[in-house]
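First chain written, first letter: the chains are A, B, C and D, and each begins at residue 1.
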Amino acid sequence: MSTRISRDELARRIAADIREGSYVNLGIGAPTLVANFLPEDQEIILHTENGLLGMGQAPDADHVDPDLINAGKQAVTALPGAAYFHHADSFGMMRGGHLDVCVLGAFQVSQTGDLANWSTGAPGSIPAVGGAMDLAIGAKAVYVMTDLLTKTGESKLVVECSYPLTGVGCVTRVYTDHAVFDVTPDGFALREAFGDNTLESLSELTGLTLAAAKEN
Amino acid sequence: MIDKTVPDAETAVSGIPDGSTVMMGGFGRAGQPVELIDALIAQGAGDLTIVANNAGNGDTGLAALLAAKRVRKIICSFPRQHDSWVFDGLYRAGEIELEIVPQGNLAERIRAAGAGIGAFFSPTGVGTELAEGKEARTIEGRDYVLEYPIRADFALVSALKGDRWGNLVYRETARNFGPIMASAATTTIVQVDEIVPLGSLDPETVVTPGIFVDRVVAVGERIWLDDGTFIGGVDLEGRPVESALSEGSAR
Amino acid sequence: MIDKTVPDAETAVSGIPDGSTVMMGGFGRAGQPVELIDALIAQGAGDLTIVANNAGNGDTGLAALLAAKRVRKIICSFPRQHDSWVFDGLYRAGEIELEIVPQGNLAERIRAAGAGIGAFFSPTGVGTELAEGKEARTIEGRDYVLEYPIRADFALVSALKGDRWGNLVYRETARNFGPIMASAATTTIVQVDEIVPLGSLDPETVVTPGIFVDRVVAVGERIWLDDGTFIGGVDLEGRPVESALSEGSAR
Amino acid sequence: MSTRISRDELARRIAADIREGSYVNLGIGAPTLVANFLPEDQEIILHTENGLLGMGQAPDADHVDPDLINAGKQAVTALPGAAYFHHADSFGMMRGGHLDVCVLGAFQVSQTGDLANWSTGAPGSIPAVGGAMDLAIGAKAVYVMTDLLTKTGESKLVVECSYPLTGVGCVTRVYTDHAVFDVTPDGFALREAFGDNTLESLSELTGLTLAAAKEN
C-alpha cells in the first residue's frame, strides 16, 4: 500500500543528517546501524556511555577485547584520538548537553515530543532503563529511529504516550520507515515523505493532524 | 610503610558482614570484579544489598552470587539482558527486590556520595514514573528532580594495575563505575591484574588515587593480555575462542 | 576532518564580545593561560566578568587584564595574595566588583554547569556569612546550603599538549581548574605547549576529552621544559633564575 | 609567667598525633611546619587542594617547578606514589570526608568547635576564603594550630566567635603554644598542658570553664 524503506535505508537517511565534527551517541539496537552509513571521509565522533569517545567499528574475531565494548555490550574498537573516562564523567557529558545528536529507538513518540522507549509497562515484565532517560534529555538533538507502525498496525506517533515515558518533550525529529517528522510546537510536521507516501496518507495512517515542515 | 596489598581474594573480602550494602563495578562483564565476587560467595555473607549497573551475566560473578541466594536487593539501571537468566528467575519468583535507577542518576548519586554532596537536582527522569514522589523543581526554565547520594559499606572494584598505596589505573571501558564506587564506600576492595612497585604508576595518569582504596589484591593477568600487550584469542565473555566454540559455556 | 587548532593566540580569542563571562584556569600562576590573556588584552573585549580562583599575580596575565580596566566583576575564592597589587588597588578604589566563593563550591559549581546538574546541596559555608540568604537544608543529620552552577561564555585554559580533536593532557598541579572549566563554557579555548598528532595521546590518559574543547593553539614549550624533560632554571614565576636575580621583576 | 612552646615545638607536638597511613592536609602558614616533623620512617600522605596527593618537601633552587606548587603557592615536590587530579576531584576528596586530618590556623575557636580563620571582618579588608571553609568541614579530624592568646593578650579560645565563621562545630582539637584542648560536647577539655601551665592557669588566661580531657 504505502512505501516503506528498509532499516538500512533508514539508517543511511539518518546518517545523511549528521554533520562532520558532530559528537553522536547511537542507542542500543537499530540506531547502531547508523554507524555503517556515516561517510568514511568525514570525522564524526561516536560516544558510548560506558566510557569512550571515539568509538570505532566492530573488531574482527581475532581482536575481540572484552574490556572494549559499547553500551549494547558488543565488541568495538577505539579510533586514534579516542578517550576513556568513568561513568560519572560520561553521563556528565550527556546530561550537560555536550552531545550534538543521539539516535534512539521508540515504542511511542507524542506530538509534544515525549518519548516512550524503555518499558511497555506490561505486567510481569522486568523493568530496565539503562541510560535511555539520560540520553533522551541530554543531547542537543534527539533523533528517533523507528517503524511508523507497530506490527499490529498502530501508529507509534501518538497524541499522548500510553507507555511509560522515557523523557518529556525531548524528541527533535522522528525518522520512520515511511517518512521523517519534526517535532514542532504545533505537533508533528512532515519533513520528508518516502516514495508514494503523502501528507494525506500519513495523516490517515497515524490518525494525527500533520503539518508540512518549514525549511531550516 | 603503608601496604594495602593483601595476599589473596579470600583475605580481601574478609569481614564483610551479613546485611552489608556492596557496590560492584562493571558494565556487563567489563570491569566486573569476578574473583572478588567468587571469594565473597565462599566467604558466605548474605542478606546483601548490591549496587551495580547490571544484575549479573551468565552463571559467573554477580550471577553466581545471586544464584547462591545471598542478595536481598539489587539497585541497578539495567537488570534485563540476554544472559541475565539467574536474576530473571529470582525476580519472577519474588525472591529478590529490585530498585531501578537511570544509569546517569546511578553514576551521579554514587559520585555525590564520594564527594560529600547532600543531594542534587538532576534533569534525568523528570516526568517519568521513576521520578514519582521525588521533589521536583524548575531552575532557569529547566525541570529537575532531587536525587540523593548512594553510599555503600563495601565496594568491589576491578582495575588493571595498583600499587601498595592503592593507586589504580584501569583498562579501556572496564573503567566504568570503578573510580566513583571506590570513592563512595566505607571500605574499598580492589582486584588488579598486577601490583606494581610504588612510583611505577605515572602520577599524571593515576585514575583512582589511593586515598579511596583500602585493600588491593593481585589476581593475575587477564588472559587476553600477555605482559600488558593485547593478544586476543577470547570471546566477549573472556573465554578462549576454541573452548567457547567447542564447549558452549564455561569460564 | 575535524581541526580545532588555530594558528595563533590572536585567532584563538577572536569573537569574544564585550560583556562576556570568561573563565580562566590557573591556581596562582600555575596553569594560568597567560598567552591567551595577553591576546585577549590586545583583542580589546571589555566589561568582562571573570571566573577564576585568584585575582591575578604581579603585572602579567590576569593582573594585566585587570590593569587594562577590562573587567567589571571577578568571581573567585582568593583574590588577596602577596602579589595581587593590581586587584587590590582596583578593589579599594571601588573599580571592580568582587564575589567571593569558597574554593570547593567554586569548583563544584563549575563542574555542575558542565555536568547538567541544576543545583546541589553543599556542606561548605554552612552557617557562615558566605551562605547568608542561601537555601539551607539538613539531610541525614548534616547541614547543607544550595549552590547553583557557574557557567561561562568562554573558558581560557592552559594545558601541556593537545591534538586536533581537542584532547588535552596537563602537567602536575597546573591541571587545577582546566578540566572543569573546559566543560562549563559555551566556547572553550586552550593554549598548549605543543599540538601533537591525533592518536599520539594515550586514550587512557587523556584528561579533557576533545568534546569540551573548541579551539587549540600552540604557544611553545614552557621554558622549564626541554622536549618534555624538566630542566628547571626558573623561579616560581617562571622567570629564568639569572634574570630574576638581576632584574627584579619582568616576565 | 606561663610556659609557651615555640612554633616548631608545637608543630612537632601535632606531628606526633598523626598516625602512619593518614591522609593529611596542612593549611597555609604555620600548619605547613608540621610537615618538617613527620617521622621520616613513616608514610603519611600529604594532600594539597590544588590537585596533588603525595606531596613532598620543597625542592632545592635548581629544581623549582612552577607547575608543582602547594596551596600556599610555594614550590613543592611529588613523592613516588603521588597522583594529580583536577579541582573538583580534589575538593570532593575533602568534602567527601576522605582526609583523616587537616591542620588549620585560627583567629578564634569557640567552645562548640566553631572556627573563625578567614576574615577579621575589618572594614576595608579584602575578603579571601580560598579552601578554608572546605577544609574546615571536610576532614575526619580538624586540628587547629595557634597561639592561645592574641598579641594583645586576648584568648583565641572563646565562648562564641566574634569574627566571621569559617565553619560551625567543626574543630576536633586545638593545639596552642600553652596547651592542647579537645572540643567536647561540654566545651573545651584540657588534653595536655605544657610546662607549668595548669587547668587553673589556663582557665584564668582564657576566661573559660575548662574540663580535664578523658583518655581516648
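Couple of notes before you dig in:
Everything below uses one rule, namely that a contact is a pair of C-beta atoms (placed from the backbone, for glycine too) under 8 Å apart; a residue touches a chain by one contact, two chains touch by 3 or more.
Every value quoted in this text rests on a predicted model; they were computed, and no experiment measured them.
Looking at the partners of chain B and chain D together, the chains they share are C. By number of C-beta pairs in contact, C-D leads over the other of C-D and A-C. The mean-CA centres of chain A and chain D are about 54 angstrom from one another, to the nearest whole unit. If each chain is reduced to the centroid of its CA atoms, chain C and chain D end up 28 Å from each other.
Chain C has its Cα centroid 36 Å from the Cα centroid of chain A.
Along chain C, residues 108, 111, 115-117, 122-123, 170-172, 204 each make contact with two or more other chains.
The set of chain D residues touching two or more other chains comprises 52, 78, 84-85, 88, 91-92, 94-95, 138. The touch graph of these protein chains has some other shape, matching none of line, ring, star or complete. Applying the touch definition to every pair of chains gives A-B, A-C, B-C, B-D, C-D.
Chain contact summary for the complex, chain C toward chain B: residues 108, 112, 115-123, 137, 139-140, 142, 144, 148, 169-172, 202, 204-205. Looking at the complex, you find that chain C touches chain A at residues 1-2, 111, 113-117, 163, 165, 167, 183, 198-199, 201, 203-204, 206, 209-212.
Those residues of chain A lying in contact with chain C across their complex are 20-21, 23, 42-43, 45, 47, 52-54, 78, 80-85, 88, 91-99, 138.
Taken together, the chain A residues at the contact with chain B in this complex read 48-52, 61-69, 73-75, 78, 84-88, 90-92, 94-95, 114, 124, 126-134, 137-138, 164-168. Here chain C touches chain D in the complex through residues 27-31, 53, 77-81, 87-88, 91-92, 98, 100-108, 110-111, 122-130, 143, 170-180, 207, 222, 224, 230, 232-238, 241, going by the rule given at the top.
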